[in-house]
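Which chain is which? They are A, B, C, D and E, in the order written, and residues in each are numbered from 1.
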Amino acid sequence: MRGARLVSRRLLGVVPVLAIVIVGTFFLLEASSGDAVDAYLVSTGGDRGLADQLRRDWGLDRSAWARLALFVSSLARFDLGWSVAFSRPVVEVVLERLPNTLLLMGTAIALAFGAGSILGIVAANRPGSAVDRALSLGSLAIYAIPGFWLGLVLIVVFAVQLRLLPSGGIETIASGKQGLERAGDIARHLVLPVAALGMVYLALYLRMMRAGMIETWRHDFVRAALARGLPRRQVVWRHIARNALLPLVTMLGLQAASMLGGSVVIESVFAVPGLGRLAHEAVAQRDTPLLLGVILVGAVVVIAANLAVDLLYAWLDPRVGAGPETAA
Amino acid sequence: MTAEVLVRLAGAGVRYSAGLPAAIAGVSLSLARGERLAVIGESGSGKTTLALAMAGLLPAGSTVEGRIEWPAFGGAPKPGRDVGYVFQDPSGSLDPVMRVGDQLAEVAAAHGDADPHVNAVELIAQVELPDPVRTARAYPHELSGGQRQRIALALALAGRPSMLIADEATSALDPVVQKKLAELVVRLCRTNGLTLVFVTHDIALAAGLGTRIAVVYSARLAETGPAERVLSDPAHPYTKALLESHLGRDVPRGARVHAIEGQPPDPALALPGCRFALRCRHAVATCNRSEPGWAGARDDGAACILPAGMLR
Amino acid sequence: MSALRRFAGSPDGVVGAGLLLSFAIVAVFAPVAYPEDPLSIVGGPLVRPFVDWSTPLGTDRLGRDLLAGLLHGARTSMLVGLFAALVAILLGAAVGVAAGLSGGWIDESLMRITEAFQTVPGFLLALAFISVVGPSLPMVVFAIALGAWTGPARVVRAEVLSIRERDFVAAARVIGMHPVEIAWREVLPHALPPVVSLASVIVAGAILTEAALSFLGLGDPNRVTWGGLIAEGRTVLRSAPYLSIVPGLALLSTVLAVHLTGEGIVAALAGRRSFQ
Amino acid sequence: MSAPSILTARGLTKTYRTGGRIVPALDGVDIDLAAGETLAVVGASGSGKSTLARAILRLVELDAGTIHVGGRDFRRLAGAELRAERRRIQMVFQDPALALNPRGTVRSVVADPLRVHSLVEAGGQADAVAALLDRVGLPYAFADRPVHGISGGQRQRVAIARALATKPSILVLDEPVSALDVSVRGQILNLLLDLQRKERIAYLFISHDMGVVRAVADRVVVMSRGRIVENGSADAVFRSPRSPECRELLDAVPALPGR
Amino acid sequence: MKTLHEIVKSHDAIHRRTLLSSAAALAASAVVGQAAFAQTPRRGGRLVVAADSEPRNINPAIVASNGVFHVSSKIVEPLAEAAFGTPDGLAPRLALSWAGSADGLSATFRLRPNVTWHDGKPFTSADVAFSALEIWKKLQNLGRVVFKDLAAVDTPDLLTAVFRFSRPTPFQLIRNALPALTAVVPKHVYEGTDIGANRANAAPVGTGPFRFAETKPGEYTRLVRNPAYWAAGQPHLDEIVFRVLPDRAAAAGALEAGEVHLAAFSQVPLADLPRIGSVRGLSVVTKGYEALTYQLIVEINHRRPELADVRVRRAIAHAIDRDFVVKTVFLGYATASDSPVPKYDGQFHAPGLNAPGFDVARANALLDEAGYRRAAGGTRFKLRLLPAPFFNETRQFGAYLRQALAAIGIEAELVNNDAAAHLKAVYTDHAFDLSVGSPVYRGDPAISTTILAQGGLPAGVPFANQGGYQSAEMDALIARAAGMLDEKARTGLYHEFQRKVLADVPFVNVAEWGFTSVASSRLRNVDTNPRWAVSNWADVWLDA
């Protein structure tokens, strides 16, 4: 019940958000110097007639409003339009890349969340201890590392020097591998980009979890639980950790967007054909429908992630959706 | 009465950390099995510290001066098993994201209960909540303040302790609920033979609960004794003032109410004399010079130089 | 006063502030030590560090002094970080206060806009924005702020919503205080501390975002930036690793210093730990 | 009810919507308050008495009902007019620690209403503050203390001084002593009683403590679930309560043996 | 502060070493090449090639660009390919011979017999006629200029195609355009369809040694051996996979990790070449790009009054130390340039050109003479400098030029744009003062070189004169050369064109460069023609 109400309220709020995103993105690109034809001519050159003809072919001779209206009306038919840079429907192009990004982001966030929260609990177990100092400083240092730089270093060390892992791509190209073998191959390819993308979040979760644990320690119910004679271990894991986890779960939703942003750089460093890189290409190619498509699909991913997080949160925290207590 | 002594304090004091002033100092009193002690004091007086010290629940890093002994437990009490503790804030002392039944069962299991979930329901019934099975499935936020405090009470009892300490357990509740809960606590203590320490700022509430009363003022024990004696024949002017300040349903409208002028001194201030002297109608010069000694028996007396019976 | 003392009591904060201060001194005095344009070609290309003492940290592909670039880069990085955070916080605080205080449809629409900005990855937004308007320092600052203001906005709004319900604000209404004065005097000063503790995260994020933009070639070409240095060095990562490692370490330690300082500020703001 | 009413509220209605459920907080409440009298509003928590106080001060917007303060339709006022009219009706909150801007000083708190309503000439502020502090029994030396540096009782005095600054004819007192220690409670009650005697201010006194109510109230209304279930002179209510809610409240007052 | 010149001198030793090592690399690759000839080619294997872009339209008949050719040249063939040491620098592909008529109104191609399309249909003159008339002339970015006067293509028989021009067209131009502009696509696939939207543009059908197999966007494009290729015994490879590696550093890493065998088109940054060249199993190849020469030029906006003065333009030309640029920006992998026609082109490059040398004093004197004296801060005037973002080197040269201009009192503010914005700013909006450009020389000045100086072009034509330079004399010269049928006279006119450019300085030529490849040492025949990277690779093989 609670879940259903949550979902419907979220979905209703999505429409204006998406409308703002679409119009904002559209006019941002509209305000840019150079259009899709300029971007196209970079690699080919061509005379004025060619440029004019391309603009006509691609509908760029129409007014911005007309093109926006066209996009919106096709959107109403669940059609994301035509990518001029790829000469293919935007949906096709975007959906091709989406799984890779989801895989990369999902793995990174899951590992970062798992490892980060567990290490955070460990660090908070004895604040100020050597383990805590090491974890805290280490995480702070990792938190300060630029992801792209980390990616470069990882490639040099693990792919080039040690030759342990592939330097990029999402799987061995045209390998013909199937089933488990293919999954293993993809996993090997994911190790480095996931590390470069997720390390920062791991550090973040570690720090948040540690702070949350220490904060929760101060709560009355912890003191009360100990006063009732519950073993410390049990209090830490069952009560403190679970409560301290709640703000981290909230963060998860917000992070979907920031990770998508981070994947722009990571995907380009590791040559992962994903949404982030596609967005970069779309901007470079001034491919407005494509960028809108990417951002729209990205927004849907972010919104879906938020929804999932909300549901997860509602499951973890029974207070959600119950409304505030009545005060007289 | 030569009942078994559960806890004995001798010149006991507590400092939360080395640099801080004593939160309570120089307390000597003892509590025997089956007794009900009401500890009365204003905010910041040190009454909660006294309760925590008696429960053996002082936070790490605090130091105890003097002696606190638990002869009946053979050493410091085991939390939950020897002493059950109910905290002031009914919403804060429960884990907000766990069903209350699970919390009860968890504590019962920790104390070796073989069938904790059945026991949880029994405990809920014991604190007189309606529909115990359904209540067991509720989350804390789904209960009212009074119901939550009953659950907290049940949690304190889940380890079958012999002593119960309720620290302002009813103050956050409104008077109707407060009264019912206080009555329940007394009933439970009577039926289970529990020893009770009930901390409150309301002397009238204490009057209805305790067999004995201890009055705490500004980190010092002002007076202690059997409830009847303290209420009818207070030996400390502060106790007397508290009694006079009580507003019952019979105060005449329009007249000025009884008031104690002035403020309690900052506990951090080192005062040479009696800490109540500045507000005391009976104070004499010596009161401002030296701290009064204890007059009367250890468990029946006051920290005042006034001769016994003077305030009657 | 006591906040300062509490800050001094946090070893993280002291170390961070010390580091930051030294970086700031470096940034301020960079033009004194290297009055020449740090982009000028002063030596042979790819001179290794500690070989030629006129260019102690060596030179890049075009023979530009890495040390000069590093010092001048500190200026850019810190300026961008500070200003982007400032713009983000001011913008966010303004939106948050407006939304939290006005409520109703204004709140609703401002929050929808905030959500829209949160839905679009901030870095992508900055990247698109810079691609569109062209890279120059003010635009980079603005682009970063564009992706960073939502955090402060939400925090401020949440704070305002909770402060708005507090009795002292009600008391101000009861005495007939003007809503603007209530916002300015009663609400805002209490809504800002959580944002201040957020500030270090925003500054650090801004420095890293600037670096990432420069890394993708979207930095101001007339300025030396650490991200730009890393990007230039990256093409020769294997033959001249110092070109990307040294500015990378500078970046890392600055961001680390900002974070450490932030820890100190949080410790100072957390105030007295009360004992029952 | 012989004296003319200076506060008349009719049919006050307010519902809260929480998590889909509709909870009535006020359900057709009528209130009359005469000049210089004390009307106590009592009830258990959740009865709607605090909402009533806040609704009368326009801190909570009502769904329906009218409020007349000194003959003016208070709910029709808005903007500058409302702010000016607020001078007539002031409020003292339950917890003075929450009701004073934690960054303020005693002076800034007390002077705010003077400044907002331009009640003193330039340069006259210090004297006005001193006079107000004197009325609540605080020395002028307190003026520059930060509000977090004084005791709870002193803070409540400061809050009362602030409320008095605009020379109101009505004070809404929302549980003004329930957050205070017993030894301080009497002082504040006496202060309020003295002020009323000297200045004929009408009190709307919200409380759940029948002992306190007994000490201050001329008339009592008992609320339960947003409705008034009993209404009468204090003497009558205490002597022979008619509603079960009122009896329950009276029963809950702990009594000392022998009194 | 040392002058740039002194610095160059003091570090000459380093440069010499760099040059020597690249020369050594050249020699090494030559040795590899000879060794390859000595061995029998091994059949089979998969060649993995790094690709930095993945054009969605890889139909070379429509898009004549190196990025497209890189992949499509293996699938779709032109009439003739560039070659080392043949009389007119060409080797036959789909055409066996070609000849132009004296009046310049027709050109005749004899086509290769027994050639089949990848779908099994026979290749005929109809395909050539269709490609020429419907695609090259109408749709192709370069063909629209070269073939603008093509009126008809006669197909007297299945293996003869006769191009008919409405106006005299120099056959020299047609011939020089053959490798790049004449990719032939099958008529039966395109006829009657919307050619621009035909799916075959992304999955071309051709006659080449490799067939298009599949593409996975963002990952790779795979070509497989065409078993029915017309050249007996070729190709040697089973598969070619173009792996998309947009990041330059990633390409180097993948090479070193052994994940790719070849990175062409200078995907490995120049500065990394000495190191990567010394990695076991990898070698640096600079041969094979001779006909793919790019030029580094400074485009000048003559609308700025200062820059309208030829003395100022000359001063800028004198301010640039071409040797320094070659040695530092290009690390020796380039040649100083004195003309819009590269020195490689012995046919058109004018002899005895006297390019303005590096002479700061002379530059300063010229500026003084032009009336632009230094102000208090030493600055004469300020201008905007837009380096094209297309190559690392164009950007780096931009950074250098800013310094070089500072030395003569011109303060340049760098404006970095992305590719699309740069194109718009320079070639449509003219929102620049100086711009660093990189035009391609395509074997004949008429194809893409003379437009750099031609006046009267509409705004919006990229890689053309958008600087506002206008000279009736120059325009007449260009027009005359375009219609000149006599090869000798035509060549002479282009020599004159080059001298005129030197005199007027509509733009400044700085350097010309080819690309480099880094290849696995197992890969053979990696430099066998002057357009190797965009040729069909039928003879390439992978050693065990």
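Assume contacts are C-beta pairs under 8 Å (C-beta built on N, C-alpha and C of every residue); 3 or more make two chains touch, one makes a residue touch a chain.
Since this is a predicted model, take the numbers as computed values, not measurements.
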Tell me the fewest steps from subunit B to subunit D, where a step is a jump to a chain it touches.
1
Chain at maximum distance from subunit E, centres defined as averaged CA atoms
B
Chain pair bearing the highest count of C-beta contacts
A-E
If chain centres are mean C-alpha positions, then the most distant from subunit C is chain B
Based only on mean CA positions, could you tell me how far subunit B sits from subunit E in angstrom?
91
For subunit A and subunit E, what's the span in angstrom between their mean Cα positions?
40
Per the C-alpha centroid definition, the whole-Å distance linking subunit A and subunit B comes out as 53
Mind checking the centre-to-centre distance between subunit C and subunit D? Centres are C-alpha means, answer in whole Å.
48
For subunit A, which residues are shared contacts with two or more other chains?
32-33, 152, 156, 160, 268, 283-284, 322, 325
Subunit E: which residues touch two or more other chains?
249, 256, 417-418, 421
Residues of subunit B whose C-beta touches two or more other chains:
none
Partner subunit D, residues of subunit B touching it in the complex
42-43, 145, 174-179, 201-205, 207-208, 228, 231-232, 241-243, 245-251, 253-254, 256-261, 263-264, 279
Subunit B contacts subunit A in the complex at 55, 57, 78-81, 84-85, 87, 89, 92-98, 106-107, 110-111, 139, 141-142, 152, 155-156, 158-159
Residues of subunit D touching subunit C in their complex?
54, 57-59, 82-84, 86-87, 90-91, 93-95, 98-103, 112-113, 116-117, 159, 162-163, 165-166
Spell out the residues on subunit C that touch subunit E in their complex, using ranges where they run on.
36-37, 39-46, 61-63, 131-132, 134-135, 217-222, 234-240
Counting only contacts in the complex, subunit E reaches subunit C at residues 1-2, 4, 7, 10-11, 14-15, 248-249, 252, 256, 269, 271-272, 274-276, 328-329, 331, 387, 389, 392, 395-396, 398-400, 402-403, 406, 413-418, 421
